[in-house]
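You will see two complexes here that share chain A, one where it goes with chain B and one where it goes with chain C.
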Partner chain A sequence: MPAFISRLFIVFVALSALAACSPGESNVAQGNRDGILHFGNGSEPQGLDPHVVTGVPESKLIDALYEGLTRKNPWTLEPEPGAAARWEFSEDRRVITFYLQPEGRWSNGDPVTADDFVWSWRRALDPAMGNQYAYMLYPVANAEAYATGQITDPEALGVRALDDLTLEVTLTEPTPYFLQLMDHYSSFAVPRATIEKYGKATDRFTQWTRVGNIVTNGPFQLKEWKLNRRIVVEKNPHYWDADTVKLNGVVFYPTENIVSEERMFRVNQLHYTADVPLDKIPGYRAQVDSPFVEAPYLGTYFYLLNTKRAPMDDVRVRLALSMAIDREALTESVLYGSNDPAWSITPPGTLGYQPPQLFSYDPGKARQLLTEAGFPNGEGWPTVELMYNTSESHRKVAVAVQQMWKDVLNITVTLSNQEWKVYLDSVSQMDFQIARRGWIGDYVDPNNFLDMYITDGGNNNTGFSDPVYDELILREAPQALTREERFAIFREAETRLMTQMPILPVYTYASKHLVHPSVHGLPPNLMDFINLKYVTLEAEPLPGNGVQ
Partner chain B sequence: MNTVVVDSISAAEQGTSLWTDAWARLRKNRLALFGLWVLVLFSVIALLTPWLAPYAYDAQNLDLGPTPPSAAHWFGTDIFGRDLLTQIMYGGRISLAVGFTATAVALLIGVTWGAIAGYVGGRVDAVMMRLVDILYALPFMIFIVLLMVVFGRNLLLLFLAIGAVEWLTMARIMRGQVQSLRQQEFVEAAISLGLSPTTIVRRHLVPNALGPIIVYTTLTIPSVMLLEAFLSFLGLGVQPPQTSWGLLISYGAETMEEFPWLLIFPGAALTLTLFALNFLGDGLRDALDVRGSGD
Partner chain C sequence: MWRFVGWRLLQAIPVILAVITVTFFLVRAAPGGPFDSEKAVIPEVKAALEAQYRLDLPLAQQYLAYLADLAQGELGPSFKYPGRSVNELIAAGLPATAELGAYALLVAIFFGGMAGVIASLKPNTAQDYIPMSLAMIGICMPTFLLGPLLVLLFGIHLEWLPVAGWGDMPGDKILPSITLGAAYAAYIARLSRAGMLEIMSQDYIRTARAKGLPEWQVVTRHALRGGLIPVVAFLGPAFAGLLAGSFVVETIFQIPGLGRFYVQAAFNRDYTMILGTTVFLSTLIVLFNLLSDVLAAWLNPRLRAQFGEA
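For the complex of A and B:
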C-alpha cells in the first residue's frame, strides 16, 4: 500500500518536487559564488559525438566541449579564431589555408594538429558513419562524391595537412558561407586516439563519449553525465584561450517539460531556460526588469509530410492540408503573437533573401483540392497520424492544427507524441505520416534550409526528390557570381519545392529564454548562438532573489 | 420464538440476506449514500454526455481563447477557446470508464488468484505468490509500454493493461484474508459438511474478505485514473482532442497561475469522485462486515 500511494503521489507531484527548493542555498546563489552556470538545455542529448548528433540541445553541449576552426562572435555572428588562429583565402577563393593555434591542446594535453582535422573530416564524410550532416562539408572538393560512395579514396578529399599546424582546404566552388560552416559541429575535430581505442572510427555510440573516456578541445571538458538528470562540464585547463573562460563549469539540465523548467527558474535553480511556456509569455512581458528575452530566431517550424505514403503521396492532399491551416489565428492566439506565420521553408530576410509565398489560408481551395484528390468532404479519408516530440508547445500547435483540418476539410488526424530520441529515430527512418519538425539555421544563408531537400539528403525525411531542384541547389547556386543571381536561383528552387509542398511551414521561430540578471555575455542573436567562453556571472547586491 | 430465530439463520445461510442486510445498513449511513448518489449522478452524466454537453468537445474558438467562467461557459474555456464543462463531461467518460473497467479487471484477477492461493496453500500457493512477486519486481511502466507497443494504441487495451498491473496487491490482500479465514471454525464446519472447495471459496471466504477488498478497490479506482493521465501524458494513453480528467488536471496545473479555473474544475470533479468512492467504500465495508455488526 505505501508503494502504491507513493506512486500515485509521484505522478502528480514529481514535477513540482523537481522544482522545489532544496534546503539551503539555491543553485543560482551557489553558482554565482562558484562560477557555475545552471543551464536549462531542453532535452537529454542523443549523444556527444559531433558526427552523429543533429539536435539543438546537443549543439549547446558540443559547442561547450569542442571547438571548430572558427567560432562565431555571439554579438556580431562574424567568425573569429577558434582552433585556427588565422586563415587566408587564395585569389579565386577556392583554397583556404588555416593556421592552427600553436597552443591548441586536447583536454588530455595532446596538441590539436591539422592531421586531427583531416582524419575527422574523412570520418564525418565516411558513408559508413551515417552522418546526417555530412552534406555540410559538401563544398569541399570531392566531399560529396566520397560521402555518397562514388569515390573511395580519402586522399582525394580537398583537405590536407601541410604541416602540424597548417590545414589546406580546397573547395569545389567559392562558397560565401564556408567560414560559418567551420563553426558547425560536423566540421569539428574529434580525438582520433580515443575513438580508435573504443572501436572503429565509424562506429556510432561507442564508449568514447563517456565520462572519463572523452577528450575534447573546447573551453570545457565533460565531468559528469547522469542520464536524464544533468550533464556537468568543467573548465578545460588545456584550452588555448583558457584565460578568457570565466566560468568554472556549466550544469546542463535536460528538462523536457518547459513548465517545470520555468518553475526551476523561478525558485532560482536555473540561470537560463531553453524555452518559456507559451501561457507565461504575457505575464513575463508585462514585468519590469523582466528576465524574459525574446529575439527573432533563424528557424522555421513545420510539419514533414511523408510523400511515400498514401494519402500524402498526392500533391493535392499536401496542398489542401497546408491551405487549411489558419496560420495567423494560430500565431496570434496559441503562440501569443510571439512568432510570425511561415509560408515557406526559408525564414524571411535571411541575408536579405525573401522566400516566395505561393499560397495563403484558403478553406475553399483546400476543400476543392481534397475533393479532386478523391476525398470529397473528407469521405474515405484514411487513418492519418501527426507525430510530435513530447512538449507542451508542440501539443498545443498540433491540437489547433488538428481542429483546423477537421473544421475545414472534415478529416480526422490523430496525434501521438514521442520522446526526443525516439522521435529523431522515427523521423530519420521516415516512420511517420505527418511529423512535427523545426529547422534552425546552422549558418546564415538560405542554402542551409534549401539544401535539406536535395534527393536523399540526410535531413530531407520526406521522400521529396526533384532532379531540377538538385541541379539548382547543388550546381547552379554555388556557381552564381553575384548575390542577386544566387538568390534568384534559390527563389526558383524554393518555388519548385513549395509547389510540391513536402513540408507544411507553420511559423518562423523566435528564441525565448528566461535569463537570470546575474548572467552576462549571453546576447540574444539571430542564431540563438551561445559562446560560453564569454559568459560571466555577477551576483547582485542581494543574491538569490533576482526574480519574484 | 425459537422457530423465528432458526428461520432467520437459515435465511442468512442461503446468502441472500447478506446483501439485503447490508443494503439496510448502508441506507443508514448518510455519507455512504451521498457517495453512492454522486457516483450514480456522474455515471449517468457520463453516459448521456453526447446529448447533455453544451458544446462539441473539440470545437475550438481561437479568437476567444481562455476565458474565466461566464454565463455562456459555466466553467470557462481553455486556451483553444473550448468549453471546459464539455471537456470535463467528456473527460469523465474516459476517466470513469478507465477507473471502473481497469479496477474490475484487477478485482477479478486479483480476488480469484489470491483466493485460490490462500485456500489451496502449500506448493501451489508458493508458486502463485512467487509469480506475483516476480510481476511486482517488473517495472509496471515497462510492462504497459510493451503492451502498447505490441498491440498498438487502443483505449480498451489501455483499460486492460492497467488492470493487468493493478491486480497484484489485490491478490496479496485476498490471499492474506483467506489464509486467516480458513483457520476459522465456520470453514471447518463447511468442509465437514462436505461442501466443494469452489463453493467454500465463493460462498464463505470471498464474502467474508470483502471488507478490505472493497476499501482497496475504492483506492484503486482513483489511482487508475491518475495512472491513465500519466500514460496519456507520455503519449501512450488518450490522445487529443480526446481528453480525461487526469489530462485536464495535468494541463491545468501547467497554467494554474494564469488560468486557475482550468485546474480547479477538473480537480474538483476528480476530488468529488474520489471522496464519493471513499465514503461509499467505508460504508460498504461497515455494511458488509458480518462479524463487526453481529456483536
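For the complex of A and C:
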C-alpha cells in the first residue's frame, strides 16, 4: 500500500476516534429524566403572535403558550374548560356567557380578564391587522362587517365584558361549532399591556413576541428561541391548572426535512416526529411495539375539475372520471395503506356526521357515461391536463390515476407540475382543467368543508354553482335547531354536490407520527390535536436501538 | 496595488446594482405572491397586508424606496416571518453557514491539497490514479447522496456522531463539514495536481534538485508556493460558493444557516428576503473574488510586477 494511503487512513481513524468518544446521553434519555419533551415540529414558525400566524407548526407552539376560552379534549375532541371555567347558552343559543377562571393568570402574574378577550377580539378582527384567520370569529355579531371595514365602531361587535371575569358573546346565528372556534388561536387573548409597550396594536413588525418580552396565559412560557434551531418552552408557574402540567418543558425542533427527522428519532434525538416518510411506513408497521402512530385526519385529498371548460363541463364526463378511479388499489399500493379512500368532500365521522357515498369504483358505468358524453371508448377525447404542485407524492398519485383512466376509459390525460405559488395562482385563476387539491378542516364540522362550494366562494375554484345548494348551506343549516336536523341538511347539500361532481375525492388524509414509548398522553385524533398539559414521560428503560 | 483594489471595488457597484434590479423585477414577475395561501385570503385582509409592506405603491416607486432603504443598510421586513427584519434573519443564519463553510474549506484544502500534491509526485502511477479517481468520485457524488451515506454509517450504524444539529451536541459539526467539503476537496486535488505538475518541470526545480536538496524539501520549499497558486485563485469563489451553496447540507443536517432562508425565500415569494440574501451573497462573491485575486498576486511575483509593485 502506498505510504500516502496509510497516512490518510491514520488521519481518518484518528478523526473518527476523536468523534467516537463524544455523544453522551441521548436527548430522549435526558428528557425522560428531566421531564423535557423533544418535539419535532415540522418547520420554523412564522412567529408567535396568534393573530398573525397561520400554519400547523405555529399552532402547536401557540397551543403550548396560550389558551383560549375552551380547549379540546384530545381524547374526545369535545370542548373542555380553558381560560373560561364554565359557560352558559341563552334560550335561543345566540348569547353565550363565559365565566373566566378566577385563578387565571398571565405568565407575568397579571390576571386574565374579560377585557383582555374583548380587546384581543377587536384586534383580531381589525382590518389593519391583516389577520388571515379573522373569519374564524365571523359567527360573532357584526364581526364580518367590522373585519371588512363596513362598520368601524368596535363597540358594535358582539363581545363585551360584564365584569372582570364575565364575558358575553352575541352570535348572529346559533353556531353549534362555536365553542370549537374558541380553541382556535385567532380567538385567543393576547397581552394588551405588553403589545402596546412595543408598538401599535395592529403592527406586525414589533418585538413583543420575543424571549423576555412575550407574556402568555397557557400551560407553558417561552424560554429560548433560536431561529431554525430550537424553541424551548418551560412550565408556566402562573397557569391556573399548573398542577395538571407534568412536563417541565418542551423543546420544539424545526424538522423541515422529514427524512432527517426520522433519523433523529431513530437515534433518540426526538420523542415525537411531525411526520413519517412514506417509504419508512411498512418497516415501522412491521415492528413489535411500533412507535408508528397513524390516525385519520380531518382533511380530504381531491382533484378539482374546471366545470367551465370542455370536456369537464359535462357532468357525465366528471362522473366517469370519478368512477374510473380504483381508490382502494390506489391507497393500498401508492400510499402504503395509510389513508382511506374518500367518496365525498367531508371526511367521515366528523363528530357523528357521515357523508353520503353515491358511487363506487365501477369501470362499466364509467365507460357507459363517457360513451353517452360523446367519447365512446375514448374516441375524440381532447387534450386534458392534470396539474399538481411539485411533490413526489402528488406525482405518484397522479401517475396512478392517469394509468387508471387510460386502462378503464382509454383516454389520455397529460400531467404537469407547478411550483407551489404558481400552482396557487393557477388554481385561484381557474387556469387549469384538472388540478390536485387538499383541504384540512379548521374545526370539526361539515360546514367547514361544504361552505367552500357556495357560488363564487373564495375556495370554490371549480365554477360549481347551485342556488339550492347555496340556500341549504347559507340559510337552512345555520337555522337548524338540532344536530340531527342540521346534519340532514348537510347530507342533502353534499348529495347535490357529489351528484354534480365538481371535485373528485381521492383519499382522506392521515396524521402520521413516530412517538417514543416513554411518551404518554398523546392520543391520536381526527384533528391531530395535542394538549401538552396532559403529556407525561415515563422513563422506562429505553428499547433497542437507542444510545443509553 | 491599492489602485487595483479601488478600481475593482468601483467596478463592483454597477454589477451589484444590476443584480438588485434584475432580481427585484424578476421576483415580481413570477406568478403568485407572498400572501397567496391554500385558503383564499379575503380581499380586505390582503389589502391590509399589502399596505403594511408597501405593495400597494406602483412598482417603480417600490423599487426606489427599496434602493433608498438599502443605501441605509436596511433590507426591510421579512414577509414570511413577520416581526423579523431581513437583516436580523441574515445575521441569525450567517454564523452557522460561515462556520460550516470555513470547516468545509479546511477539509477541502487539507484532503484535497494533500491528495493533489501526492498524486503529482509520481504522475501516471498508482499513487496518481488512486487519489485522482477518488477526486473524480468526489466531484461526481452529490452532497445529497454523500450526506445521508455518512449519516447512515457514522450516525446510525456506528452511533459515533449525531445525525443532525449544529452546536447542540459534541461532534455534530463533523459530518456536515466533510459532506460539504468533499466536492471542493476533489476540485482542489485536481487543481493542485495540475499546478504542481507544471511547477515540477520548471528549471528552478531542476536547480534545486541539482544542488542536492532532498525531494521533500524541493517540494515544500520551492514547488508548493508556485504549485498552489491555481488553488488560491479557486478559494475565493469557492468560499462564496460554499456560503451560497450550503442549502442541501443545511437541510440534511438541520443546520440553522443562511442557505435554508435563501432557497425557501424564493418558494415563499418572500420578496425582501430574496432580495436581501441575493444582494448580500452577490456582494460577498464580488469581495471574495477580489480577495483571491489579491492573494494570488501576493503569491505570484509576475502578477505583482503587473501592478507596478515588485
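Keep this in mind: the second predicted complex is superposed on the first by the 328 of 548 C-alpha atoms of A that agree within 3 Å, B and C clash if a C-alpha of one lies under 4 Å from a C-alpha of the other, contacts with A are read in each partner's own complex, and residues count from 1 in each chain.
Definition applied: a contact is a pair of C-beta atoms (placed from the backbone, for glycine too) under 8 Å apart; a residue touches a chain by one contact, two chains touch by 3 or more.
In this text the structure is predicted, and so the values were computed from the model without any measurement.
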First, second, both or neither for A:140, with chain B first and chain C second: neither
First (chain B), second (chain C), both or neither touched by A:414: first
Residue contacts on chain A - larger count, chain B or chain C: C
Partner chain in contact with A:46 - chain B first, chain C second, else both or neither: second
First, second, both or neither for A:399, with chain B first and chain C second: first
Contacts of A:342 with chain B and chain C, given as first, second, both or neither: neither
Which superposed partner A:64 touches (first chain B, second chain C, both, neither): neither
First (chain B), second (chain C), both or neither touched by A:330: first
Contacts of A:206 with chain B and chain C, given as first, second, both or neither: second
Partner chain in contact with A:259 - chain B first, chain C second, else both or neither: both
On chain A, the residue positions that both chain B and chain C contact, one per complex: 4, 8, 15, 259, 419
Contact footprint of chain A on chain B as seen in their complex: 58-60, 62-63, 65, 79-81, 153, 169, 219, 222-223, 226-227, 229-230, 234-235, 239-241, 251, 253-255, 257-259
Of chain C, residues touching chain A in the complex: 30-33, 35-42, 44-49, 52, 77, 80-85, 89, 92-93, 111, 114-115, 118, 126-127, 130-131, 148, 151, 154-156, 158-166, 168-171, 174, 251-254, 256-257, 260-261, 267-269
Of all residues in chain A, those that touch chain B in their complex: 1, 4, 7-8, 11-12, 15, 259, 277, 279-280, 282-283, 326, 329-330, 332-334, 390, 392, 395-396, 398-400, 402-403, 406-407, 414-419
For the chain A and chain C complex, residues of the former touching the latter: 2, 4-5, 8, 15-16, 19-20, 22-24, 44, 46-47, 49, 52, 54, 127-132, 134-135, 147-149, 204-207, 209, 226-230, 253-257, 259-260, 263-264, 266-267, 269, 419-426, 428, 438-439, 458-459, 547
